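Written below as structure tokens is the structure these notes are about.
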Amino acid sequence: MKLASDVDLRKIAAMTSGFSGADLANLINEAALLTARENKDAVTMKELSEAIERVTAGLEKKQRVLQEEERRRVAYHEAAHALVAHVLPDADPVHKVSIIPRGFAALGYTMQRPEEDRFLLTRNELCSRIQVLLAGTLGEELVFEEISTGAHNDLERATELARSMVTDYGMSRLGRVTYRQTTSSGLLDGGAGTPREYSEKTAQMIDDEVKYLIDELIEGTRKVLFEKKVGMEALAKKLIEVEVVDAETLAKLL
Amino acid sequence: MKLASDVDLRKIAAMTSGFSGADLANLINEAALLTARENKDAVTMKELSEAIERVTAGLEKKQRVLQEEERRRVAYHEAAHALVAHVLPDADPVHKVSIIPRGFAALGYTMQRPEEDRFLLTRNELCSRIQVLLAGTLGEELVFEEISTGAHNDLERATELARSMVTDYGMSRLGRVTYRQTTSSGLLDGGAGTPREYSEKTAQMIDDEVKYLIDELIEGTRKVLFEKKVGMEALAKKLIEVEVVDAETLAKLL
Amino acid sequence: MKLASDVDLRKIAAMTSGFSGADLANLINEAALLTARENKDAVTMKELSEAIERVTAGLEKKQRVLQEEERRRVAYHEAAHALVAHVLPDADPVHKVSIIPRGFAALGYTMQRPEEDRFLLTRNELCSRIQVLLAGTLGEELVFEEISTGAHNDLERATELARSMVTDYGMSRLGRVTYRQTTSSGLLDGGAGTPREYSEKTAQMIDDEVKYLIDELIEGTRKVLFEKKVGMEALAKKLIEVEVVDAETLAKLL
Amino acid sequence: MKLASDVDLRKIAAMTSGFSGADLANLINEAALLTARENKDAVTMKELSEAIERVTAGLEKKQRVLQEEERRRVAYHEAAHALVAHVLPDADPVHKVSIIPRGFAALGYTMQRPEEDRFLLTRNELCSRIQVLLAGTLGEELVFEEISTGAHNDLERATELARSMVTDYGMSRLGRVTYRQTTSSGLLDGGAGTPREYSEKTAQMIDDEVKYLIDELIEGTRKVLFEKKVGMEALAKKLIEVEVVDAETLAKLL
Amino acid sequence: MKLASDVDLRKIAAMTSGFSGADLANLINEAALLTARENKDAVTMKELSEAIERVTAGLEKKQRVLQEEERRRVAYHEAAHALVAHVLPDADPVHKVSIIPRGFAALGYTMQRPEEDRFLLTRNELCSRIQVLLAGTLGEELVFEEISTGAHNDLERATELARSMVTDYGMSRLGRVTYRQTTSSGLLDGGAGTPREYSEKTAQMIDDEVKYLIDELIEGTRKVLFEKKVGMEALAKKLIEVEVVDAETLAKLL
Amino acid sequence: MKLASDVDLRKIAAMTSGFSGADLANLINEAALLTARENKDAVTMKELSEAIERVTAGLEKKQRVLQEEERRRVAYHEAAHALVAHVLPDADPVHKVSIIPRGFAALGYTMQRPEEDRFLLTRNELCSRIQVLLAGTLGEELVFEEISTGAHNDLERATELARSMVTDYGMSRLGRVTYRQTTSSGLLDGGAGTPREYSEKTAQMIDDEVKYLIDELIEGTRKVLFEKKVGMEALAKKLIEVEVVDAETLAKLL
């Protein structure tokens, strides 16, 4: 995939912050296909933007028919996300909740303030983000007793954030040392990655710390959901009924 | 292998969900050969679809002659798959069972509802899938006392599902943390994979958990097969006789 | 090495089943040389077939002169293979034994039913194959007291089979879990391999299990050779005399 | 990225000393974009210089609007850097402190004597550099009680310096032995890197030593900040007011 | 380096058996240079043969002037090789000993029967080879009390042989299991190597076994050298005097 | 970087013996730049020679102005190198000492007999080389109490020599076994390196042995420097005064 000269990688990076590896792979595919369809030699900003839009928001495939049970589950999952984002003081406010399936992976989504509006995040704000991510699966668990594969992307992003707190931001009991998974050693080798430089014992301490952090935050999130279960159910039912709920309605319901 | 612009990778991904690495390698070979035979420059959706069909279902090679003993073994193997899929409440219903050899690897198959019809799978549904996969080899064991190499693909897929439950879906005692084997760190390195980021101790806990999960499910599956052995034998004998059994006949036999 | 469109990789795979990595490297060299000699652009089925023939059977280099002592050793080595293959009920029958040196590596060979005739192998059949492979070096040991480098390829293939029983076929005390050395994660990365995903402790258990399996089978094979030493010696002497022994003569001698 | 013949890599290396891997990746992107915009075939010294300028100093994006709370945090962060650089005898003198956001990552900066003016650094000088780097996050902690993601780059560079003291300069309890993460073994392999050559136990000792060094230096830095808190607050308030403070004003305030 | 169609890789392999990795790298360089000098597109058998000759035997650089002390050391080193090769019953007979420096690395050599004349090597023969290799450095030690860097290539080849005995030929206490450092898994991946598949514990057992084997053989070799020290000294002095000693003279001296 | 046919890699290797990986990277850059400036297609011996000269000796940049303190430190550093080289019986004699900065990295140098004049090095000679390398930093320590980053290259080369003594030359308590970091397995894979083949326990023993060797040699070197401190100071002062000291003056001063 050759990039056209108008591509501003900084903008792309900003627009794709928070993307998982799979999301990026998806994005690259989309952009390549769009470029090929327009018979262009190089990917321009236009294709990249459209590809990002498709990947992030997905194509509003009304024709996709979820099983009734799946739809209920999605509603409770999103309601739990929205509830926790609404309740936690350090979480970004919710703009919209939807259970209209979009794109290949997203069966629903809760839209908060875009992440690129912020330049610094405090420890509490990071913790709140993790709690909002964990809320979906914990909500499912509270209502349906068993969880589903729908939690995968949330758990992955929550784990990544927790891992960054430990290895990049010095926000854990491992102290103010950073631990890089890969290193690029400079101009000469083109920045090619080398294997992790820290020891197995350190790797183990990082794993333990990440798990400890997530477990702590699950505890707190469960408490919130349990206390506000009525609100969550009201929101879930509303979602099943009207599919999309905006900030105003949300505030009334909770 | 250059891809034509009409190739929709999302569709391909949906059509090949559940494929093992070997299946994908096979698929690529098939598609490349088909494209070469038609003197095309790039693989189009047509070749990919045909290749998928060939790999999944295989070519109905009537001429392939199994040894009589092998054929009996295949019949019991498929009968066990079908029986467990029929009995477990969370397993997808069986449409057809066949012992007509198809393609290079498949000596028989049990057809259930296509996986792409579902968007979410609950923990119980995943467990049922694993049990259906394990049933083939456990059926062989019950009847012939020793197992065969025919179980390889089933065991591989069962292990993959169990591993995903542990590392991707937060469905084990390791908690709601995800563990990625490889990571792609973003646009800049083209998504190239890096070695696993978790520690050896964590790798060991994952292995133990996967083994524990499989062992538990084997227990349950063995019980089902033992209790319904008469039904399994009836189905196996029917298969040896008529080669293909549909849902209706299956229900009658069991 | 570009492949011509008439190349059927399935057929190639079938014809090279049981090849070691070194055999395949040899095969690729041979095919490339043959293609170059015929000034072709791509390797066709013809060159591949001839290369396979050369590699498997080797070129009957009558001119290669083995030392007398080496020739005796080869005769006992092949006689031991043939004897064990003849005696074990689950081993494939022997068609021919030869000590005419063929190709670069093979100083002699024992020909059994081609492996591609079978689609399923039971645990006992796999064990018998390993025992036939081990027999050569154990026969040398019984007669000459020390073993030679001639056992290398046999030991490699025996180890591979034993390892497959443990990691692929669920036929060991490690249970019905598969352990993949490398994984290809799908279409997007072209199937590139990643490092093994299991833990060091699991790697150790696999090593122990493989060694245990081989040691057990050595025990049994030694017993067979010891009991039938007279037959082995008769066959070895016949081989030294006439170089090639067919199934009929073999049956008479044993 | 092809380099023009006028590129003096030694100069580039001097101008980018202290760059992290991410900085270099950024630099390469910038240079590539600039070259593409001017339709040149190869990157010349001109583009590289401009790219370095952009990456180091950033583009003075007045339009970027930080949240008020973020701005306060940045002010205290930079004030702490400047204070510690001012106070420690072995630290380079401060020329300017600014909280005008520059470029993509830098929200503020403290300018000291350029690193390329020095050819040798003593152990004390290295320790002082680490302390100046750590000061930012410790200042945030002192005032706001929780730290932010703004510390990431500082912590990464501090960790790198500490690691170099241990593995490259023989300045730790591990003695006068060097420990290379990667090695290039000569002309023949083009200098390709190989995995680390030291043992896991050594890796662990390195990790422990780096952590010990950082912890020691945090202790000292905290003491400085605590004792001079009044000065730091005065400087921070001045920064919030006028955005840029020069060496003279700084000296007066502290 | 493109290979001409007349290149017979089997022959090359036979001619370079026993080459170390560095020797092969040297060989490739030589062949590439020769090909370039003759303005050919591809390396033919002619260049390869000449390159092998150069690398193995070296260019008889009479002009290279060794220090007197170095020359004495080389003489004792080669005398020790020759003595042990002469004395051990399973070692190949010595044809010529020389201390005329040849090529870049070889300062002297002891010529035995070419290795490609043998197809099988017994355990005793391998042990004898290792003892001949070890003799050079042990002879130096006996006479000069400290050893030199001249032993490097001998030690490397001795270690490789010992390692092969353990990992390839089943000739150690680790039993009849093979342990491959790298594996090539087949046609599809072009035979690319994967990391070692055995566990750390096994790697440790292999290391211990290799060391045990070498230590045992050093013991025996030291005894031979000690008992025949007079002969070794006579041969060394003869070498210093006439530079080259043939089989006949050697037999007389010992 | 394409090599012209007149390039004699053996000569290059001889001229760059003792180069670190970074030196070689530097060399390649220099050669590439020189070739580009002369608009040549391939690097000839001329450019390589000039590049080696530049890298080894550096460009005598008179304009580079070291801080006074740095200059004093360099003088004592070089004086210590020269002193130890002068005193140790097995070290090569000193020809010249200089503190005129040359090139990018070398702030001073002590010139001994070129390494390519020797073909064999004894254990004592290697130990003396390591001691000369260690002397620089130990001299700094003796005079200034703390060491500087100037020791990096010396420590790296000392560590490499010590490591070679352990892993390549059989000169440590690990015995006459070689331990290769990477292996190239032959013609077929083009000599590509594979990961280290020895176990973690062995890696640990190697690390311990290298450290032990360096620690022992530091002890001895410290004693020499302490006893001859007056001579070292005289030489250092002379160097500060006249910048370059030849062998004769050196002998007088010491």
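Side notes on the structure shown:
A, B, C, D, E and F are the chain letters, set down in written order, and residue numbers restart from 1 in every chain.
Please note the rule applied: contacts are C-beta pairs under 8 Å (C-beta built on N, C-alpha and C of every residue); 3 or more make two chains touch, one makes a residue touch a chain.
The model shown is predicted, which means the values in this text are computed figures rather than measured ones.
Minimum number of contact steps separating chain D from chain E: 2. With centres defined by CA atoms alone, the chain at the far end from chain C is D.
Where chain C touches chain E, the two copies mostly use different residue numbers: shared numbers make up under half of all numbers in play.
The distance from the centre of chain A to the centre of chain D, each centre being the mean of the chain's C-alpha atoms, comes to 30 Å. Distance from the chain C centre to the chain D centre is 60 Å, each centre being the mean of its Cα atoms. Measuring from the averaged C-alpha position of chain A to that of chain F gives a distance of 52 Å. Multi-chain contact residues of chain C (touching two or more other chains) are listed as 9, 13, 25, 29, 188, 191, 195, 200.
Taken as a contact graph, with one node per protein chain and an edge wherever two chains touch, the assembly forms a single closed ring in which every chain touches exactly two others.
From chain C, with chain E next, the chains follow one another around the ring as C, E, F, D, A, B. Taken together, the chain D residues at the contact with chain A in this complex read 9, 12-13, 16, 19, 21-22, 24-25, 28-29, 33, 36-37, 64, 66-67, 70, 73-74, 101, 104, 107, 134, 137, 144, 146-152, 155-156, 158-159, 162-163, 181-182, 191, 193, 195-196, 200, 203-204, 206-207, 210-211, 214-215, 218.
Touching chain E in their complex are the following residues of chain F: 5, 7-10, 13, 118-124, 126, 168-171, 174-178, 180, 183-192, 194-195, 197-202.
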